[in-house]
Every structure is written in structure tokens, then in C-alpha cells.
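The following block contains the structure, expressed as C-alpha cells.
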Amino acid sequence: MDGHIFGQQVVNGMVLGMIYGLIAVGYSMVYGVIGMINFAHGDVYMISAYITGITLSVLAFFGVQALVPTLIIALLVVMLVTAVYGWVIERVAYRPLRGSPMLTPLISAIGVSLFLEAYVQIAQGPNPQGIKPYLSGAFRFWTGTGTDQFFQITYIQTVIVVVALASMAGLAYLIGYTSLGRSCRATQQDPKMATLLGIDTNRIISMVFVIGSVSASIAGFLVTLNYGSFDFYIGFVVGIKAFTAAVLGGISSLPGALLGGLLLGLLESLFSGYVSTDYKDVFSFSVLIIVLIFKPSGLLGRPAVEKV
Amino acid sequence: MTACNNLLTVRQLGMRFGGIQALSEVDFSIAAGSISALIGPNGAGKTTVFNCITGFYPPSTGSMELTLEGRSQDLGKLLSSGLFGGSHRIARIGIARTFQNIRLFREMTVLENLLVAQHHQLNHNLLAGFFRTRSYRSAEQAAIDNAISWLEVVGLRDCANRLAGTLPYGHQRRLEIARAMCTKPRLICLDEPAAGLNPHETEELAALIRQLRQEHAATVLLIEHDMGLVMGISDHIVVLDHGKVIAMGTAQAVASSPAVILAYLGVDESPNTEATV
Amino acid sequence: MSALHPSSQNASALAPAKWRELLRDALFTFVLASIVFGPITGLQLKGLDFIANWQRPMWLAIIVTLGRVLFLTALNTDWLKNRLQRSAIKKAQATTVQTAQEWRRWAAISAVAALVAFALPFVFLNNSYVMKSLLLAMIYVLLGLGLNIVVGLAGLLDLGFVAFYAVGAYFLALGAEHWGLGFWGALVLSPLLAAALGGLLGFTVLRTHGDYLAIVTLGFGEIIRLVLTNWLAVTGGPNGLPVPAPTFFGLEFSRIAKFGGTPFHEFMGWEYNTNMKFLFLYVVLFWVLALMIFWIYRLRIMPMGRAWEALREDEIACRSLGINPVVVKLSAFMMGAMTGGLAGVFFASYQGFVNPTSFTFFESALILAIVVLGGLGSIVGVIVAAFVLTLLPEMLREFADFRILAFGILMVLMMIWRPRGLIRTRRPVFTVPER
């Protein structure tokens, strides 16, 4: 086994895993507070990719050249706009259905997902769009003496890892140490009790959607920088994979989302490198099926006892 | 209590949920044709015992046996035998139950609920059903007649074609009992049948339970908090506290048992007893 | 919703405070709508540049804000309050009991509808567009009926139903290529193969429920599609495979007989008419559908059908009554899958070829929408919904781009307004003899 190929797959897998983890956070948190799988979450990620492209394009148009301010402004804009999307979606499509049998919000979510995909397709055209490259260059690690025996982590990939970890840390702080986070946890564990204690559960649920959307938007921003292109359909597959990551790690567990993301990213990367790139989606979906059948509580989750 | 008359024998039943020992070393027997009650303070483990007997939780330790016509069947084995094991097997050998939170098929009519209960007495042949052959229709009619007669027993005959979910609470409880009886069980387990009933309805319930034993050869085991009902109809009472059996016997024996009084009422703080620090 | 509180005062005289609140709400809505619509609709990416178009987001934001203002003010009026109340009552009355009078009415309507449905294609024999649309609508009726068993009756949310549809279609194509399988052979074998696959799927998802079940089945559907797309050697990859024309006693419905023998039109001494094939498929499908409808109608009042509905209502109660949920789930999946496979054969023959683009998640979502719109468990509802959801987009062809958009909005609105579908389900009634 060539060390450099393995090394490269590990690097790619880790970066991919960070992305999945950031998106998986949204699924985990929403499922934690209202017990629903937000089918449209992947499409929110897709929206953030488009916002990234648009913002960068606008900034370039207005002559903003310096790299770091460009990226920071773009990231903030993306986070803000996507947060609004997340908030609006919850208010319009999910809140009126609070308390309905489980089928109903899921179908509504499918409707939102289809709407978002068509909306972007009509507004921006069906063709993939792209951005100019923003940060080239990489750190190289040599494993042998041959000219191609190295693996690398590009600067962008490094940025992805750093930003993702920082976001996760920020999120962990938010959930673990702030009053908003406490309210989220309380609402997750016992919504009725939380209401009795004066927590505005509606506001908390909105906040959870916003946080999840912001997390996904960071992923969308980073992915756009990394791959340079996007189209209106990227949310579908990535959404399912991020959901797989959330379930793999244990849904409603935030460290589980990150762990599941990393694990899935690594597995997918290794499969893609060593077995087949064409079938890598089949592989990821198979992981999803296997996890949901054999260990639906995931790695870090607690198995639910059936109440008779 | 002679052993050969026991319908249900529970031996050393233990149940563990993660770190919590919900039941330990629970031993009791139910005689055929008796009305028995399982009582105890909240959280004592009564519903857990029920769920073990009716096959919804596999017990961690111990065994439960159902003895019919001299032959004993281990309930635990029925539950765990691979793909086709499960709680439905226990229902099929003659143990029926009702639930604490009524579990009716709310979007189906009252009669349909009772027909579902007689699933195994109907003709399952797809072709026979498609062409509505004579044998199919006669099995269906027998089931309908049986259902109507049970509606008569519980006083719901007039509601036969109403949606089960639209019935008032007390009627729903009675329907659930009728549905359980339609499976022709030997042992029927009632989980808090008097919950939410007013005194008049509770008296009707007591009469119904006696009727089940008298006219339909059913053995009844119930969980109840309504002591009036329990003391009035039970032949045999088992008292649980913190997952253990603390007393067993007739209504009078249990009522005067110091252990039971302690469990329900706590320590006696009257000046006659020594103060404990 | 931060609705204005219904005032105890005269609704037509809104206090100044209410006006301020309304204004604040309108402003808030306008800002949010601008943020939502602004970038995506206002700044269209073109290569590395963009085209600014302020009209679109502005108008969208204005429309949305106006809509919300109208809704909020109307909320204060008695008219809307009454309508909302009546709507809520209707929502709760989703299931009722069948009366004898209603049954007679429905029977009469069905007979007339069936006659019309049978005669229609003969009337439009020379209009290829209408023929194809009718045939496609009928195929979706069949698909809807199949999914209705799984989702509507048994309550098992299957988002990968399109997999059985694909299996049925590809089986005809592959069978024709390798074993000389024809239309009638596939009509018998495809459903069996699909049922086997349905049993396999059901077996693997025995312990999953609700949302998780939905996602797992979605995964299955996607896996099937990806395999069909990538397995070039067998499935022809993205280009797909050709499908032979259907035959009637060996007479092919094509211009030239590909497998020797005479084409149908030659045998009959007629001019070749491409629509002959569609007419033939339509007639066969009509009778297959009639049989299927009758079959499902009977199933619902048989123990198997009742067990499905009982499972949907409460699985734990089913177990307590001695019903094995494993058998019930498997039978539901297999019956539904069989129907999907059957539909696949008709679709493949109709199109003349199969490729993976016909079997995307959107198809599963469309079939699900048919079942949900029509009313879970209602046969009539499914038929009506299939026709509406297939023919309406065809009639509004110019707005093709907006088809999926409208579809998405429709699904959300349906869930908020009529989650149980448009047609109420009716429970069967039994005669209780007089005392």
C-alpha cells in the first residue's frame, strides 16, 4: 500500500468529515428538540453555497481585493442570510404543523426541499456555477523518494479544518455554557417542563433552526471555496450523507455529529480511493441503511426504551 | 393454593433497565378462575411485571409459566424464538391485556376494532376473501356476531358503527376490555381499568369483571390504585414496592400487613413509637 | 405566528396601536423577504460575474408583504375566523363512516367514470398527445394504488417506491434483450420479481419506524438508481436500454415487426398508427386497473387489509391481539412492490426505452404526493389525485419550469390545510340486528 495514497485519502476524508459534521449538527439539534428530520436542511446548505458565490462575486465587483477581509465579510453575509432562510422555513412550513402526526411535517419538509431546489434552478439557472480560486498552495508531506510520493493538505483544506473545529468549539460553548444553550438542552429533554419554567419553547426551537442553518452555511461556504463550483442539486446527496453522519454518531448528540461526520468522511474517502469512485454514493447510502437497521441510536446515543 | 390449579406461575422475575433494577425476585402465582390484583405505590414496578407477563419486555432473570390443560409453557421462550417470536405469540396462547393509556384503533369503527381482535378466527385465504366464498362469509359472520355479543356485554351495542376515537372515555375503556376478550383469552390482564372513572362507572366495572370470571371462564389479573375496587373483588392480592413483593394474600391479610401500611403510608410518627434520629 | 389578537372591539375600527403593530409586522416581513429573495433572485450569477436584477426580489418581497398584511387584517374579521373554524372542524373529521346512501351514490359515479375512462382514448385516437397523457395518468393511478397500500393503509412511509417501478421496467428491457421476454411475460414476471424485492426491503426495515423508515427506504431507492446509472455493462448506464413493443397474440404494435411475424396493423389491414400501441396499452391497463381496484377494495375488508390498518393505528395494540407485525409489514411491502413492478412494465412499453432519469427521488415524491393528496387509504382519492397531478402539469406546459416549484408549495400547503387529503376516508358499516 502506497503511503502517500493512503495519506491523501485520510486527509481528504478528514476534510470531508468536517463538512459532514458541520451539516450533521443541524440534523441532530433539530431532531433533539422537535423529534423531526429536517429534510430541507441539505437544501439550506445548497442555498449557502449560492450565497457564497454571489457575495464573493459582488465583493470582487466592488473591488475588494484583500483576501482575509473578503473571506470574513463573505462568511458573515452567508451566515446571516442562511440564518434568515432557516428561521423563515421553520416559521412557515414547520411551526403550523407542531403536534401533527410524524408523517405530516416530513412531507412538508419534502415540499420545502423541492421548492428550494426549483427556486434556485429558476432564479439562477440549471447550470453549475463557479467562483474563481481564492487560495492556492498546499502543505506537502513526503512519504518516499519518488517525485509523486507525497500527500498534501491544501491551504483551503487547512482553513476548512480550522474553521470547522472553531465552529464546533463555539457551538459546544454555546450549548454547554450559555443560558441559550441551557434552554435548548432543557427543551430537548422535556418541552412541557421547559415551558412551565418560563422558557419560550417557540423561540428556542427557532433558535435551534437558526443555529443549525448557520452551521450548515459555514459548511457551504467552505465547500464552495474548496471545490469552486456548485449547482442547485448539491443539497440532496450531501444532505442524506450528513444525516447518515448524524445517525452514525448518535442523533441528538453534538459530539456524535462531529464524530459521525469524521467517520463517514474517512470511510467514504477510503472507499473512493481504493474501491470505486463511481459507487461511493452507494457506499455511503449503504452505511446509512446498515446503521439505521442495526444501531439506530448510533455510536454516542442512548437507545430508546419503548414505552408500552 | 394447590399447584395444579395455577394458571400463571412467576418465579424469581427480575428486570433491569440500564443501571436500574426495576424488579427483583418477584414470585407469585395466579390460580385459574381467580380475580387477582397487583398493587403498590407508584413506581413499584407493577406495569413492568405486566409488560413481562404479556411479552412486551423480555425479563432479565427468572421465568413465567402459563399452565393450560396440565401443560406448561415458558413465556420467555415464546418471546425470544427468533423471527417469529414476540409478544404476539403470548397473546395467541391465551394472555390478553388492556393498556394504561388506552390503545384503541381510533380511526376504525368499534366493530372493526373487535374484528381485528378476531384476526385468527377468520378465513385468511386470499382467494376465498376475493370471491367471498361461503366459508369465508360464515367465518366473518361468526366473528361479527361474537363482536356484537361482546358489545352487548359491555353495553356498547348502540355504538357498533361509530369511530372508536369518538367514544367517551369510559366507553373506550370498556371497548378495550371487550376487544381483549374477543381474542378468547384464558388470562386477561387489565392495566388500571378504573383510572379516570367515576364511582358509578367503577361499580359497573367491578360487575363486569365479576361477569368475565363467572360467565366467560376468564382469569383476571389487574393493576389498580382504586383500593375500594381492589378490596371488593380480588380473591388474591400481590403487593409490590420498589420492585419486590412485600406481601401476598387475601384482601384482609394484605390490608392489615404492617409492611404494606409502611409502604403506602410511611413511618408511623405518633408519640407512641420511639423517635428515630 | 405573531398574529394580532382578535380585538373585542368592533373589528372594523382598528386602534392606532394595532396599526403600529401591523406596520411593524409588515416592515419585518418586508426585510426578511428582501433578504430571502434578494441575493438569489436579484443577483444572477453568470460565469464569474453577476447580473443585477432588482425588479425580481423587490416585487417578490412586496407581494409577500402584502399577502401577510392582508392575512393579518383578515384574521381580525369574522369572515376569516369562521372559515378557519370550519376548516379546523373539517380537518378533524377526516374519517367518517360509510352510509348506504353514500355507497349507492359512489357506485353510480364510479360506473359512469369507468365508462368515460374506457371510451376516452377511442375518441382521441388520432391525438397522440392526449393518448400519451391519458396513458401516463393511468400508470400513475396504478403507482398511487400500490404506494397507498404501503403508506395509506399500513402507515409505512416508503420514500423509495420508485425502486420497484424501476425494477419492473428494467426487467422487461433486460428480459427482452437476453431471453426474448415479451410484454405479456413481463406482465406476469415483473410483479413477482418486484414483490420479492419488496419482501427483502420489508425484511431489512422491520425494526425501523417513522422518519427513519422514510430515510432508509429513500436510501434504497437511490441505491437502485445509482446502480442502474453506473452498471454500464448490464443496464446500459445513463443511456438505458430499448424496450420492445407490446404484442397481441404475437402481433407487434410497431411499424415493422422486429421479431419476425406480422405487425398488428398489417394483420388488420390498417394504416400504421403510432397511437395503436398506446390504445392497446391503455385498454390492457384499464382492465388491469379495474381488477386491481376491485382487489384492493376487497383486501381492505379482509383480515389482511384490516391488519394493515390496525398496524398503522397502533403496532403495540396489534401485538397484544396476537397479530405478528412482521407478517403484516412484509405483506404490505410485497403487495405494494408488486403493483409498482406492474406499473413499470406499462411504463417501459409506453416509452419504448428505459433509463435511470425516469426513476429519481422526485418520482417517489410525486407518487407520495398523489397518495397524500388523495387521502391516505382512499382509492377514489388516489385516482383523482393521480389524474390531477399528471394532467395539470401537462396542461400548463408553458410553466414547466415552475412545475416542481408549485409542487413543493402544494405539498406544504396541503399539510397545513388538509393533511389527511382531499377525500375523506370512509369506514365500512355493518348491520347490527335489532334486539
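Just so it is clear, A, B and C label the chains in written order, and each chain counts residues from 1 on its own.
One rule holds in what follows: a contact is a pair of C-beta atoms (placed from the backbone, for glycine too) under 8 Å apart; a residue touches a chain by one contact, two chains touch by 3 or more.
For clarity, every value in this text was computed on a predicted model and none was experimentally measured.
**Q** Of all the chains, which has the CA centre nearest the overall CA centre?
**A** C
**Q** Looking only at C-beta pairs that count as contacts, which pair of chains has more of them, A-C or B-C?
**A** A-C
**Q** So how far apart, in whole Å, are chain A and chain B when each is placed at the average of its C-alpha atoms?
**A** So the centre of chain A lies 49 Å away from the centre of chain B.
**Q** Could you state the distance in Å from the CA-based centre of chain A to that of chain C?
**A** Chain centroid spacing, chain A to chain C, equals 30 Å.
**Q** Using CA atom averages as chain centres, what separation in Å is found between chain B and chain C?
**A** 43
**Q** Of all residues in chain A, which are in touch with two or more distinct other chains?
**A** 306, 308, in rising order.
**Q** Specify, in ascending order, the residues of chain B that touch 2 or more different other chains.
**A** 56, 99
**Q** Multi-chain contacts in chain C: which residues touch at least two other chains?
**A** 316
**Q** Could you pull out which chain C residues touch chain A in their complex?
**A** That would be residues 1, 32, 35-36, 39-41, 43-45, 47-50, 56, 151, 155, 157, 159, 204-205, 207-208, 210-212, 214-216, 218-220, 222-223, 226-227, 230, 316, 361-362, 365, 368-369, 372, 401-405, 407-412, 414-416, 419 of chain C.
**Q** In their complex, what parts of chain A are in touch with chain C?
**A** 36-37, 47, 50-51, 53-55, 57-58, 60-61, 80-81, 84-85, 87-88, 91-93, 95-97, 100-108, 110-125, 129-132, 236, 240, 243, 247, 278-279, 281-282, 285-286, 288-289, 292-293, 296, 306, 308
**Q** If we count contacts the way the header does, which residues on chain B are in touch with chain C in the complex?
**A** Counting only chain B, the residues touching chain C are 54-56, 83-84, 86-89, 91-92, 96-97, 99, 103-109, 111-112, 115-117, 119-120, 122-124, 126, 129-130, 132, 144, 148, 157, 160-163, 179-180, 183.
**Q** Contact residues on chain C for chain B in the complex?
**A** 95-97, 295, 298-299, 302-304, 306-307, 309-310, 313-314, 316-326, 425, 427-430, 432-433, 435
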